[in-house]
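Here the structure is laid out as structure tokens; the discussion comes afterwards.
Letters A, B, C and D mark the chains as written, and numbering starts fresh at 1 in each.
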Amino acid sequence: MDKMDRYHRQILFQPIGQSGQEKLMNKHVLIVGCGALGSSIAEMLTRSGIGKLTLVDRDYVDLTNLQRQHLFVEDDVKNQIPKAIAAKEALERINHHVKIAAHVIDANPDTFPQLVRDVDLIMDATDNFDIRFILNDISQKYNIPWIFGACVGSSGMSYTIIPKQTPCLDCLLKVTPMFGATCDSVGVIGPAVQMVVSHQVTEAMKLLVEADMQLRSKLVIFDLWHNQFQMIDVTRAKTSSCPSCGKNANYPFLQYENQAKTEVLCGRDTVQIRGKSYDFSLLARRLQNFGDVTENPFLVSVKTKNVRLVFFKDGRTFVHGTNSIEEAKRIYYQMVG
Amino acid sequence: MDKMDRYHRQILFQPIGQSGQEKLMNKHVLIVGCGALGSSIAEMLTRSGIGKLTLVDRDYVDLTNLQRQHLFVEDDVKNQIPKAIAAKEALERINHHVKIAAHVIDANPDTFPQLVRDVDLIMDATDNFDIRFILNDISQKYNIPWIFGACVGSSGMSYTIIPKQTPCLDCLLKVTPMFGATCDSVGVIGPAVQMVVSHQVTEAMKLLVEADMQLRSKLVIFDLWHNQFQMIDVTRAKTSSCPSCGKNANYPFLQYENQAKTEVLCGRDTVQIRGKSYDFSLLARRLQNFGDVTENPFLVSVKTKNVRLVFFKDGRTFVHGTNSIEEAKRIYYQMVG
Amino acid sequence: MINILFFAQMQEEAGKEKIDLDIEKIKVKDLKEYLRNHYNLSQINESMIAINEAYALETDEVKAGDTVAIIPPVSGG
Amino acid sequence: MINILFFAQMQEEAGKEKIDLDIEKIKVKDLKEYLRNHYNLSQINESMIAINEAYALETDEVKAGDTVAIIPPVSGG
């Protein structure tokens, strides 16, 4: 049976057709994050016959992931398989024609330049704003479009960012958010995830088959439980002085002094993260979602079943109870978003 | 680890919470059809921790399914596994707590009464209007809500039908459509499927956790490629004289004389289907999507790679090249929708 | 101007996904007739019509400024 | 009446997903101030504001009949 036969229903869709399918089969997409959004984006693109996928994720499959992360099964939890690896194996059973590179690493300004080599499009499937602002600068610097996606509760949003054309994430948000809501802080339902993915992947397909005229151009936001849906015209947000996409862009989030830095504190079963400095009253309120919080004028700490985090005024955080930088970052970003 | 831990992110979502999760774990959903919509509905409900699923589908996994039918892999195609069985096996690897009954049969007025026993909700994942009108009558007769869903190309729609409250399918459509567009006639892209599923499953969750106040009440329709989205108030469509949901309902689509009937013509490698009688010029035009069409005043015939179908004026159709009623119906409905 | 949106298979038949009609007002029934004649739409009779996101009856009137959705029978799944 | 829609985590903080404000007109900046004070919204300063599905600046004015979406930073994925 011909390789093209399997895509027959997609080729029948006139805006793709035979020529669109051939373009798709020669494109390379980087998916940053392989959790809820990432695994479903990867599945849809694999089924559609994308040429090559690069997956990057620093985490492994956990029991609480199964409620919404579609490629993973109970055995992956039992065997603690890294998400990028579990995803790659599942994807290869679905479509062996797709080339899949899986990296169990931290995507950051040091690793991104390698990851984006030969990449046509970057899909955002991350879970915190630190990485999204880095990704936003990488997109501008290397001139690769990226598709923002995020969800919590029954809400989600997506927006397609084309360097030199649309407003970028920095234009949209103006101030870097102190916290972003995460699935760990306020929960999430599966359909909200899949709806964000559907928006992201449709936009990806338009870019990959070079149907740019059909791009949505607006930011989409929805709330499935409360039946709200909006498409927001964000043209006005574009800022000519934007440090990420403006005329004199200097990509601030790729600069060393603006990055969260981590180090293992020897012999103390503790990782130190240097990040943003938080407003303590907001921080204390937020951390109550995760465990017992204590607070004094110098620090806020939260104790969960397995770890204790201590946040200092100067932006340092101790994650006690682990020697793994990957695990410390995972827990830290689950809490601060 | 506690069984509830795996649903932690869903319990965190306040409109579900602990009590919603417990309700969900005691509910039974029937999914009619296990293709693109059905397999993804089943996956989302299984991950969410539904109590029991009943799957019904008469078909087996085909190579062209893999582009959009999320539970299936290349091995299912190689081994020609029936869809309901392949789905059940995949779902059990995802969440062994969910009870899954899989039936490889034709859902019809004879088999439905057994299938809907103890069922709280019926999910439409079918691919033709004949079965949807039967399902609509079953829903009214047995007082079980159902959630309509359909997609082709980059478009899709969904609507939640509650017996005795909302307009039913018969109210909405007034005339039974001669043809419905199918993925086989005009193609489909994966995100359109997943978006319909997201709408259907959110509504299902609201019903199952008894948050009826949040139901959408409107018919949702979208086109992802062309960035259109509408929520249509259909209150006015409700018809008090409707034969399916009105005061004197007689469930016409459950009556013998209104059903498509099939029989194998002995020794002729042919199945006869008695269905609607078609407008020949429209039929001939439509069949051109599928193969070489010839026409005379008495019949229209279409020849594909493997079979030949002959449509007679009186509503009979011969499917030449098979002795299987299931296969004949599959091919027939792919063509007429 | 009346803004008409075609969904699903209607787009292929019409050759476009939306059109603007320079008409002041028209009954739904007559609009269907007009579209059938000008755009070769085989399923317009079986389609649901919505005016400004509300279900419309044959006798309803469409006015300039309205958005009309033409929703043909879709059965893929 | 101004119709305000809260998305995502804003709903839990506000205790509801939408409110109507009986105000004739108000600047976006002042609306944010009002919402922060009356609804205990910790992230209103970091939120995007849209008036009738268009991105709004701090100095824009909201008028009776407008729908305002409050879109907080969402980072789940």
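By definition in this document, contacts are C-beta pairs under 8 Å (C-beta built on N, C-alpha and C of every residue); 3 or more make two chains touch, one makes a residue touch a chain.
What you see is a predicted model; the values in this text were computed from it and never measured.
K.L.:
Give the touching-connected groups of chains that are left after chain B is excluded, with no other chain moved.
P.N.:
Contact components excluding chain B, positions unchanged: A, D | C.
K.L.:
If we define chain centres by averaging CA atoms, which chain lands farthest from chain B? Would you check?
P.N.:
It is D whose centre lies farthest from that of chain B.
K.L.:
How many angstrom lie between the centres of chain C and chain D, each centre taken as the mean Cα position?
P.N.:
Averaging C-alpha atoms per chain gives centres 36 Å apart.
K.L.:
List the centre-to-centre spacing of chain B and chain C in whole Å, with centres computed as mean CA coordinates.
P.N.:
26
K.L.:
So what's the Cα centroid distance for chain A and chain B, whole Å?
P.N.:
The separation of the two C-alpha centroids amounts to 33 Å.
K.L.:
Could you check chain D for residues that touch two or more other chains and list them?
P.N.:
Within chain D, the residues that touch at least two other chains are 12.
K.L.:
Could you check chain A for residues that touch two or more other chains and list them?
P.N.:
Each of 14, 153, 183-186, 188, 218, 226, 231 in chain A touches at least two other chains.
K.L.:
Determine which chains touch and list them pairwise.
P.N.:
A-B, A-D, B-C
K.L.:
Which stretch or stretches of chain C touch chain B in the complex?
P.N.:
5, 7-9, 11-12, 17-18, 42-43, 45-46, 48, 50, 53-55, 57, 69, 71-77
K.L.:
Using the touch rule from the top, collect the residues of chain B that touch chain C in their complex.
P.N.:
Checking each residue of chain B against chain C gives 33, 35-38, 124-129, 132, 149-153, 155-157, 172-173, 175, 177-186, 188, 196, 218-219, 221, 223, 226, 228, 230-237, 282, 285-286, 337.
K.L.:
Would you pull the chain A residues touching chain B in the complex into a rising list?
P.N.:
Touching chain B: residues 1, 5-16, 40, 43-44, 47-49, 63-64, 66-68, 70, 73-75, 93-96, 153-154, 183-192, 194-195, 197-199, 201-202, 205-206, 211, 214, 216-218, 224-227, 229, 231, 289 of chain A.
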